[in-house]
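Sharing a structure, written as structure tokens. Questions coming.
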Amino acid sequence: MKITVIILQAVLLIAASPFISGFIKKLKNHIRMRKGAPLLQPYHNIVKLFGKDETISKDSSYIFRIAPYVLITTAVAAALLSPSFFPSFQISGTGDIFVIIFIFALGRFFTALAGLDTGSTFGGMGSSREMFISALAEPAFLVSVFAASLAAGNTGISSLLPGGVFKISLVCSGLAFYLVLLAETARVPVDNQETHLELTMIHEAMILEYSGKSLALIELAGHIKQLVLLSLLVYIFIPVGSGTGFYIIKIVAVAAVTAIIEVALAKMRLFRVVDYLIFSFVLSLAAVTAFIMGV
Amino acid sequence: MEIVIVFIALLLSGGVSFFIKNGKKGGIITLGGQIVAGIFSLLLCARTSGGTALAVLNFFYVDGLTAFFLFLISISSMATAFYSLWYFKDDENTGFYNFLFNIFVFSMYFVVTVNNLGMMWMAVEITTLSSAFLVGYRNNKTAVEAAWKYVIICSVGITLALFGIILFYYTGLTQAGIKSLNWTQLNAAGNFLDPMVVKAALIFIIVGFGTKAGLAPMHNWLPDAHSQAPTPISALLSGALLKVSLYAIIRFMIISSKSVGFSFCGNILGLFGIISLAVAAFFMLVQKDIKRLLAYSSVEHMGIISMGFYFGGKTGVFGALFHTLNHAAAKSLMFFSSGVIIKKYGTNNMHQIKGALEVLPFAASAAFLGMFAVAGLPPFSIFMSEFTVLYAGFKGGFYFSSSAVLVFLAIIFGALIYHFSGMIYGKKPSEMFRIKESLGITVLFGVMLIVLLALGLHIPEFVNTLIDSASNVIFGVE
Amino acid sequence: MHIELMQYGVLLMAFAMVAAKRFSALVTSFTIQSFLLFILTLSEAIKTGSTQLYILAVLIFAIKVIGIPVFLGRITKKIKVPDEMGLYVNTTLSIIIAALLSGISYYFIRNFLPSMEKEAGIALIIALSVTLIGLFIMIFRIKALAQVVGLLIMENGIFLAGASITGGIPFFVEIAVSFDVFIAVMILGVFVYRINSLFTHIDVDKLNELKG
Amino acid sequence: MESFIVDWRLSFDALSIFFGFVILLVAIPSWVYSIGYMQGLYSRGRIRFAKILFFFFILSMLLVVFSSNVLFFLIAWELMSLLSYFLVTLDSHEEKASRAGLIYILMTHVGTTFMTAAFLIIYSYSGSFDFIAFKETCLLLPSTIKTVVFLCFVVGFGTKAGLIPFHIWLPYAHPEAPSHISSVMSGAMIKIGVYGFIRFVLFILGVSELWWGNLILVLAIISSVGGILYALMEKDLKKMLAYSSIENIGLIMLGIGGYMVFIKMNQPLLAVFSLAAALYHTVNHAIFKTLLFMCSGAILKTCGTKNMEKLGGLIKLMPVTAFCFLIGALSISAMPPLNGFMSEWLILQTLFSGALAGATFPKMKIFLALLTGLLALTGGLAAACFVKAFGISFLAGTRSKKTETANDSGWTMKAPMIFLTGLIFIFGIFAAPVFKVLIDTVSSVSGLNSGGAAFTFNVMSLAPRNNSTMSLNSLLLFGILVITEVTIFAVVKIITKKRTVTCAHTWACGYYRTTERNQYTSTGFSKPFRVAFSFILMPSRKLEKIRDSHYHVKAFKYEVHTKQFLNEYFYKPVIKRLFRFAEWSRKLQQGSVHIYIGYIFLAIVFLIVFLKRF
């Protein structure tokens, strides 16, 4: 019973995840006074890509072939582990939120390798930058969760779920987490999913050589990851209301905020990102301090 | 009676070898003389090391301390004779060399066995005079220069020591009414001596004999002499001679301890010891000549020994004496092996010696291992003795000086490994090829290494008793 | 009384040697000093009437008054080097320093050996200052032979000490010491020869091949 | 002097047995590996010599961990250093090797000096060299002495373990040594330093101040971040691994420092956890670092270079090595569910739980949070570093002619690699039983109880506080990953049955094809990090144009170097000063006999004047 529910919610999450991206795109275009692609465009893309033949580089090895599968696996596994529609159902004995972070790292590891595998300069550049940003994002990511779990007294997801009450510490850490989220999901101001401009792209550069089903998998993985992170955010850092309804509302709200930010801000230079991430790290440390001061 | 035989043997071999031109034959005779003398002196050790002192016709006096030094001299003289046999095997008219060699050893035996302090003084002077020609043996500019410095400086030192001896005699005469310089009598009357006079005397004696023992800042003759003398002589100088003059100091220290205590002598020795360590450490860092390097390391080790006396206590003295033994063995090994290398490369300059390991595998590895032994790495025995000395320091609460010793030792280790890894490793000069090494010498190296190793891992019983009886004499334990 | 006189004479000679510029003068004054020592010993012998001291006196005369000066003279003839022995410090300063040294020995004896009876004290002071002066000459005179003589002066000083404060240290020790000195001088002489033949000079300060 | 007769008895307690196990775990595969490795690289005689040395080296390490007497310990310790020195300089005619050996032996000797001082200080109180006697004495030591001894131990063992700032020998010695030696040194020998630290500081000296622990934590985190940063900058494969050893030692010391801190925060349970985690990482690091060194050794043997810029595309030529390296890289950068992940996760957990538990230590909370953050940074950098290592040297096209000859080496070299790769999986998937054993080890040695850590089969539930329910089942995690993988793979296969896969050259922006000229280099890969961390790395770049005419530039020459902070600003100046002083001091001995006599004179006068002082 329980296991079926868990799988069900994972599937739901997977199914829903492209929608969020579509929603954000749509909203952005709206704000820009454009018509924009339909809400369900991401689904169309994925289906289309699954329908296409694939071309891969001669220079590449099996790493290049398996990387998409590893990536999607990690995403799905994360989806299985993380709370979403029915937060009360959790797989027990799979560690804590740290584990989810590490799992994402696994996926990234392989994508980066794949980026290098083709021998194209873009790929290398992309993976280099990706690893750079993620390495800098990691501390903020962990410490913000750390701050939140100080309240919960445990890093186990189920014990994190009830969330605290609104406190400065929680807000700070939530903000830090959100900044990291933007970085991790390749959004403005760190990266820009829409451009394929050689010198600015990061995540896109890494997967430039992919086509067909592999690309589909990668994109799907991206959507899933985004939704997982969002759900973690809303469950841990936004302790208002409970139940599936509230969950969806909160997700949509955060997505909307993201869209607005993407429109409002411009992409940063690569080395400005350092400051950005360090800021979020400091913010999370501030959260810890605030928690200790009891505010 | 053994003593007499010892001296006769040495005189005989000296006299005979004087008339033999052929290096090999003369060397063999010398070696024979050393072996006979060595065996008998070892017998003497065996008889007296139990702590039973015996006096021979009121002229010679042999007790535990003497036994220890007899052991030292006999072993190192035998080894050196064996080595010099190889070293001079294809030289001609080495008669003079062999003669002086015997006289030199003779005088060292004489120093440690004679009872009368005046005679002892004279014997020490004779060691200088006899080894002067050995140092200047090669009779080129540098050799003569070294010899000159050696004689002049040592004579000055010794002369000062004589002044101290006279002061001793004076207080013995006035306070205790002894009209003789016999150590036994003076020692017996030790309590009556006038402390101030004794202190005044000790200053001159320590400086005087310290000059000969190579304590800084009176050590300057030492590197010159060691670097210019033929290698066997260098070995004998630092293996035995330095210790012999230390022996003289110890004798006076014993007498004075009755009236002024060990601390006075110990403090002065400690001062010189720490200076010696410092000087050695820094001069070794920037040394070019391998034999000078080894000479400075001798200075260092004399420093450690005197630090042992400074820290005092049974432990300190034990460490010092044990260190004396180890240093004799290790340093002889070093001189022997590096002598082989020098002979092959034809230079003392360490920057010109490269890749010795490929040219002379055995000698080079012996030198390298010996270097680690000298630097005081376990499991070699010098580690144990240094450890003992340092322990005495820490136990006695000399935290600073002991730490200083540790630091200097570290620097010295650095210097040694820096120079030696440069020589042993690296590419060999293209014109050199691996040569067959003399078996005897290789065996000698092996034996010495094994001795060092064995002493390091476990102190055998007879050595223990030897040292213990020696320290008993020092502390006046009957 | 005349004993003190002799002792002062020895000291005076030491000063004379400090003042000496030329080597021959040095040797001469050394001879005189040794002669004074001989007189001292002789008078001691006459006083005590012990044969040992007689023999000793004869020995001193033979070695220090005759033997060594002659030997030195022959060396100087053999090696044709100018008679001046280079000075590091000029005569006046040397004398001042020598006086200082006597002062040091005075201070030393008076402060550290107060227990000593007076005349022995004076003798010791003189002996010590002579020794130190010998040392001084060894340090501040360039030529090799000067150093030899300096060594001999130190020897004399110590002999003075031995003779005057202890009435002669044991007989055979004295003998041994004197012979020892003689041998030492011989050997040093040999080395002076060698130096001269190898370097064509006997300026010891130029012997600085070996350093560091 | 019976006290100096060494007592040669061995003692086997849980800790030493654990470390003995680690040593053998590293040594035996390396032994097998060395058979194939040394063949053809060295002359026969040298190989025999090396084998003998190797044997005694291992023996000495075992003696160190099993000795029960300080003197014995010290002797074995020095023997170990000496033998490893000879092994490092095995190809002795190489200038670089002998230099590396020189630096190595110097540093270790400095360490030993400090250790000796510490031992002697304690011994001068205890009067016996036995461990138990030491332990008893240390309870009574005055606190200042205790602190001195502690600092001596930190320097002494830190040097051997390669803790920053005593690490400088490590990046020289490990790369220069033959690969099987590097693997033993990195896998086992530096762990002996850790052993010594645990044995003497934790269990004999005892933790008496909170700041001791904090000091260790700080050093540890500096080592991990600094180590991995320098590793990231390296393009020499083995040097990179050496630096990453520094990082991992840092992680281990993090656990140990945690122990010390938690003891003072009276959280015995956490202390046990922390130390157990450290031990866990010790064994893990032993496994994968040995493996990685073996792989790089294989590359070095077939390609004759360990410079990543010259490698590339090896995955097709030497698949087995590539696979082993990949697994090792994944594990060392803490990818679930491999063993590296498990131990790093545990260390994280203990730090975190410490922050929870230390209610009375608010400052510690922030400190630990900071540590967690930096630990995360280390993880990220490690991932980047090993992506670079694997990606540049194994993937894409070849970068130079050297790789043409590359091929998988013989079984004697392959077998140990595969064996260790298997171990990586086993130690990852069956983490709980392993961790249980370690917990028992620690609690038996330290005498602290380990209740509250409940271990059902393969489910390790960390319960620093009883109300927490969080638990990790590594097998389950592995299962989930595998099952999802398989299902997804199946699904995708079904969907895209009819789709074809065509192969073509990588698009090279309009060139004919990508060549070694326009592939991404390791230097390029690490560029962003170099810029971001320029305040530590102090990079200096040299760019020169080689032009045949004023208008036409034939070629570019681009060099970039990163400085070693400590070398530049501490070690080199000190050495230089030392030598300069020595040179100056030679003036004291200019060869003039007059001056020499003058020294004697001065000595006399000095003593006369200060007679009363003596």
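Here the chain labels run A, B, C and D in written order, and each chain numbers its own residues starting at 1.
Quick note on the criterion: a residue touches a chain if its C-beta (ideal position, glycine included) is under 8 Å from a C-beta of that chain, and two chains touch if they have at least 3 such contacts.
Worth saying up front: this structure is predicted, and the values here are computed from it rather than measured.
S.K.: Determine the set of chains touching chain A that also touch chain D.
M.R.: Common contact partners of chain A and chain D, which must touch each of the two, are absent.
S.K.: By that same contact rule, can you tell me which chains touch chain C and chain D alike?
M.R.: Joint contacts, listed by label: B.
S.K.: Where's the contact count highest, between which chains?
M.R.: Highest contact count belongs to chains A-D.
S.K.: From the centre of chain A, which chain's CA centre is farthest?
M.R.: Most distant chain from chain A: C.
S.K.: Where the centre of all protein Cα atoms falls, which chain's Cα centre is nearest to that point?
M.R.: D
S.K.: From the C-alpha centre of chain B to that of chain C, how far is it in Å?
M.R.: 31
S.K.: Can you check how far apart chain A and chain C are, centre to centre, with Cα atoms defining each centre and the answer in Å?
M.R.: 99
S.K.: Measure off the straight-line distance from the CA centroid of chain B to the CA centroid of chain D, and report it in whole Å.
M.R.: 45
S.K.: Taking the mean of the C-alpha atoms as each chain's centre, how many Å separate chain A from chain B?
M.R.: 78
S.K.: Would you give the residues of chain C that are in contact with at least 2 other chains, written as numbers and ranges?
M.R.: Within chain C, residues 108, 112, 135, 138, 147, 204, 207, 209-210, 212 contact more than one other chain.
S.K.: Would you pick out the residues of chain B that each touch at least 2 other chains?
M.R.: Correct list: 148-149, 152, 156, 160, 199-200, 283, 286.
S.K.: Which chains touch which?
M.R.: Result for touching pairs of chains: A-D, B-C, B-D, C-D.
S.K.: Quick one: which bits of chain D touch chain C in the complex? Just the residue numbers, please.
M.R.: Per the stated touch rule, the residues are 586, 589-595, 597-598, 600-601, 605, 608, 611.
S.K.: Using the touch definition from the top, list the residues of chain D that touch chain A in their complex.
M.R.: 313, 315-316, 326, 330, 333-336, 341, 345, 348-349, 352, 355-356, 362, 365-366, 369-370, 372-377, 379-381, 383-384, 387-388, 390-392, 395-397, 459, 461, 465, 467-473, 476-477, 480-481, 484-485, 488-489, 492, 495-496, 499-509, 514, 518-520, 524-529, 531-532
S.K.: Could you please specify the touching residues of chain B with respect to chain C in the complex?
M.R.: For chain B paired with chain C, touching residues are 116, 118-119, 121-122, 125-126, 129, 132-133, 136, 139-142, 144-149, 151-152, 155-156, 159-160, 162-163, 166, 169-170, 173, 179-181, 194, 196-197, 199-200, 223-224, 227-228, 283, 286-287, 292.
S.K.: Considering only the defined contacts, which chain C positions touch chain D in the complex?
M.R.: Interface residues on the chain C side: 88, 104, 108, 112, 132, 135-136, 138-140, 142, 147, 204-205, 207-212.
S.K.: Which chain B residues qualify as touching chain D in the complex?
M.R.: 148-149, 152-153, 156-157, 160, 199-200, 203-204, 207, 211, 217-218, 220-221, 264, 267-268, 279, 282-283, 285-286, 314-315, 318, 355, 357-358, 372, 377-379, 383-384, 387-388, 390-391, 394-395, 402-403, 406-407, 409-411, 413-414, 417-418, 421-422, 424-428, 456-459, 464, 467-468
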